[in-house]
Amino acid sequence: MANIISDETIEYIGILAKLELSDEDKEAAKSDMGRMLDYIDKLNELDTDGVEPMSHIFPIHNVFREDTVTNNDDHVNILRNAPEQKDGAFKVPKTVE
Amino acid sequence: MSKQYETVIGLEVHVELATKTKIFCSCTTRFGGAPNTHTCPVCTGMPGSMPVLNKQVVEYAMAVGLAANCHINQFSKFDRKNYFYPDNPQNYQISQLYLPICRDGWLEIETEKGIKRIGIHEIHMEEDAGKLIHDEWDDCSLVDYNRSGVPLIEIVSEPDMRSAKEVIAYLEKLRLIIQYLGASDCKLQEGSMRADVNLSVREAGAARFGTRTEMKNLNSFKAIARAIESEQKRQIEFLEEGGTVTQETRRWDDNKETSYPMRSKEDAQDYRYFPDPDLVPICISDEWISAVKERQPELRTEKLNRYQEEFQIPRYDAQILTGSKRMADIFEETCRLCQKPKEVSNWLMVEVMRLLKEHEQEPEQLSFSPGHLAKLIQMVEEHVINRTVAKTVMEEIFKNDTDPEAFVEAQGLAVINDEGELKKTIEEIIAANPQSVIDYKAGKEKAMGFLVGQTMRKMKGKADPAMVNAIVRELLSR
Amino acid sequence: MSILELTAVALGKKIRTGEITVTEATEAVLGQIRTLEPALNCYITIDEEGALRRAMEVQKAIDGGILRGPLAGVPVAVKDNICIKDMLTTCGSRILYNFKPTYTAEAVKNLEKAGAVILGKTNMDEFAMGSTTETSAFGTTKNPWNPEHVPGGSSGGSCAAVAAHECFYALGSDTGGSIRQPSAYCGVTGIKPTYGTVSRYGLVAYGSSLDQIGPVAKDVTDCAAILEVLASYDSQDSTSVKRADCNFTEALVDDVKGMKIGIPNDYLGDGLDEEVKKAVLAAAEVLKQKGAVVETFDLNLVEYAIPAYYTIASAEASSNLSRFDGVKYGYRAGDYDGLHSMYKRSRSEGFGPEVKRRIMLGSFVLSSGYYDAYYLKALRTKALIKEAFDRAFQEYDVILAPAAPSTAPQLGVSLSDPMQMYLSDIYTISVNLAGLPGMSVPCGRDSRGLPIGLQFIGDCFAEKKMIRAGYAYECSRPYEAPQLSKQGEEGE
């Protein structure tokens, strides 16, 4: 396997993706990711010089809305699925500035 | 001998645009409202929701870019900036990194050494985050998404500024332009304009830039100036002691007049920007750019010149009046109503400016109606009230936008110009001050002034000074 | 023929003529669900009460002449990643175990306007990531043809439900083959339309540049009729395409004379099951007999499609799934220490291993230093793959391919080797990368009796040619359902 994923990398990705893995899962994750990246490395065989990265499949541009208020007060619905709420707001652990 | 240092400053200014709806959904952008009452599935990141771009946001961004001499990128995209924070409902912010809508512009500011050009690296559109309220009682934070999705433009300058003064000049110029375009009201205190300061120091003459820090939470021009002084000092001290400056983000505390590093280890600052697949690119035609250019309203310089010509007021006065769009709007409207530009100008430049200073407010915060000022001016003209009383009324108009006629009536402030009543009072005062009469007859003009003053006092300032003067003189000459 | 054996369009006709009432049809299918669900587990949520209530409303509207369309009164099942107001929508995940959307997806709204009766939400691989429906947090779905085999994925519940008569048609979603592959494994027909044809508003996003909602039903006629109702321009979806012609049922003509059909050589090589290959080539022969010109050709770049797809899909997924954080909806961990701990625990406990795997891969390929090498490289590859198809469609009207390299694998063998599982998407993912329409049609069974699927691929916006070819092929063979007795005993 050409791509060896380190513990640091898995921890770093864990911070980016807000995932924490058990030690055992970490080993599996390192090995899985390594294999997937080995496979993805196959793309390096392909000569893509001069090819524009295609982020949008069709040349659709300029999809706009008019600046008109059409939404009303929907706070009851918006909060309906909240795991925790208080005074009409979503409640979360204290955030540090 | 300690070395000479140069401070290098760049600014990232976020401006809340004055659109009626948010950038990607049709919720209102109105300030205030109970928590989460201006929200929908899109701006709260509900699964399956999708963004649709508000055209007015693009127009404002273009207008600001053109007024700031930028090149408009005719092919522009949105990118996702990925990071986790509760005020960010999708845990990504839709912004522009790779192809922002404007780039390579500049503004000119006046410095002691003359006109200086400050470069603008780019301007891009993005969405604002919600608000976090800290609940001390429950030791938690509460999230309100009313502000989530409000459209912002971010104006990133080149690191061309060298002092707090230059920074303030740049911000004032920027603010004026944006206000004049109607793109935003740019109120620092209300957060519709926010400035982050990027600052580094280097030895004078050095070619490379030093390590820079970013400072946030600067809520007034004074705070910005203080923060710059403080950070400059802090970095220089570090370097003098042989240390190196750490690149970090710092939060300014204006009460303590110091800053603190903000980052925690839970935040990698790796935003993994990639083009947002739910939004399509923006293609701006030459025609569209021309149309926006044409719609550009009169900007500050033109207005300044026009005021001198049209209203025949001195350049200095015109400069102050056009120094704030709000002030200029009030000036013009009041002039339209009462046709007395010199009077209006006087009132604004003297009394109103004084009141602003006293209340520590900016001209943008003026909230009285031109109609009331026009009425006030008329009432003075017609001698309904005298100037002294008028100042009191002006203060009331400034604070509460009270109708001057109603106020004068309620407070009984109308000038007393009933000759008979006045004569009676003056006769009493003369009788009570025989020495003054003797002094006056002996040639001391001052004595008459004393009698007039006493009369005014007795009349609680409501008498018409001219009339009092005339009657006193008449009675004394008998 | 029993009610349950009717196609959606046939049922719609009988409802219009009054031969069958909406309530009768709904009760029949609910009865089937009650009988078979314990064995098959196609559904996550069944709304019996709601469906029966709605059946009465729809009947009234039909009687009153208000609802006249071909699908009025026909009961449908909806994949559980498509939002329906006030109905549990889990995406097959624990992290949405209690989530009830406050709005309905546009595609479902279109069905409702046409008089559909919603039966409930079908099982799926978690967040549509998987090819077997085994990554669902709500148990696996069994293949009605052989309950020891998977139904395919990620729309396994929808496809199994159609095959088992637990609905008359269903909605699925397809990001890398998730409608076409399970349709093949379950012996039913499924279409992934051209990207942008069906609104994605209300579809919980997995790979936003690849996702589409599409119909699953017993035959091509049904799928065409359903797609006609589903397709609409939606101003809420910025990627929605304004299509001039969505009259897909006009293409239901048994005529392929002169149609040029290409079969990529690259798809017929190693890794393709012999029996599947035989069935596909036999189908090609049928079309040839009907007057089509059938050739093989070199498509190229086939081996780069999977790595490109997984890079792009994971990257987009890692961002799309960031919103699941325990703050606004869904699962929040019971025990945590501060904000970031809450995020990590809620997500780690709420997401299954496959989802976590893809989020991690996606975060990695977008991360600082790797964006150019992986993500942009994949986007350039995507551009070349699209070009390859554009060139192919200059020559051919329709491309023919297998839907999957084999028939349905057994339960429990796929998840141990994710890489192997990814490779089985080889025939379907390029279609998503290029935004093309694709349709899976049954074309036989293997020696174990498991269905084999044939895939028709059309050029962008050319569903009609694809439908015509599929319909003509289908005319040569009747629909076969698995033998399922009403008493719940599955035969073979």
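Per-chain residue numbering starts at 1, and chain names A, B and C are given in the order in which the chains are listed.
One rule holds for everything that comes next: a residue touches a chain if its C-beta (ideal position, glycine included) is under 8 Å from a C-beta of that chain, and two chains touch if they have at least 3 such contacts.
Since the structure is predicted, the reported quantities are computational estimates derived from the model, not experimental observations.
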Response to the item:
When A-B and B-C are ranked by contacting C-beta pairs, first place goes to A-B
Practice prompt. Please indicate which chain is farthest from subunit B, where distance is taken between mean Cα coordinates of the chains.
Written response: C
Worksheet, complete the sentence: Per CA centroids, the chain at the heart of the structure shown is A
Worksheet item: Measuring from the mean C-alpha position of subunit A to the mean C-alpha position of subunit C, what distance in angstrom results?
Response: 23
Discussion item. Averaging over Cα atoms per chain, report the distance between subunit A and subunit B in Å.
Written reply: 39
Worksheet item: Roughly how many whole angstrom separate the Cα centroids of subunit B and subunit C?
Response: 56
Practice prompt. Could you check subunit B for residues that touch two or more other chains and list them?
Written response: 41, 44, 52-53, 82, 84, 86, 141, 143, 266, 270, 272, 274, 277, 279-280
Fill in: Residues within subunit A bordering two or more other chains
12, 16, 18, 55-56, 60, 63, 65, 74, 78, 90, 92-96
Worksheet item: Counting only residues that touch at least 2 other chains, which ones in subunit C make the list?
Response: 99, 102, 209, 235, 238-239, 318, 322, 325, 327-329, 339-340, 343, 363, 367
Item to complete: Write out the stretch or stretches of subunit A touching subunit C in their complex.
Response: 9-10, 12-14, 16-21, 25, 28-29, 32-33, 35-37, 39-46, 48, 51-58, 60, 63, 65, 74, 77-78, 80-84, 90, 92-96
Item to complete: Would you tell me which residues of subunit C are touching subunit B in their complex?
Response: 82-83, 89, 91, 96, 99, 101-103, 105, 200-205, 208-209, 235-239, 315-316, 318-319, 322-325, 327-329, 339-340, 343, 363, 366-368, 371, 375
Discussion item. Applying the document's contact rule, which stretches of subunit C touch subunit A when the two form their complex?
Written reply: 98-100, 102, 195-196, 209, 235, 238-239, 241, 301, 303-304, 306-308, 310-311, 318, 322, 325-332, 336, 338-345, 347-348, 351, 353, 356-357, 359-361, 363-365, 367, 374, 376-384, 386, 418-419, 422, 434-435, 460
Discussion item. Under the stated contact criterion, what part of subunit A meets subunit B in this complex?
Written reply: 12, 15-16, 18, 55-56, 60-71, 73-75, 78-79, 86-97
Discussion item. Using the touch definition from the top, list the residues of subunit B that touch subunit A in their complex.
Written reply: 19-21, 25-28, 34-41, 44, 52-56, 58, 77, 82, 84-86, 132-135, 138-145, 251, 262, 264, 266-268, 270, 272, 274-275, 277, 279-283
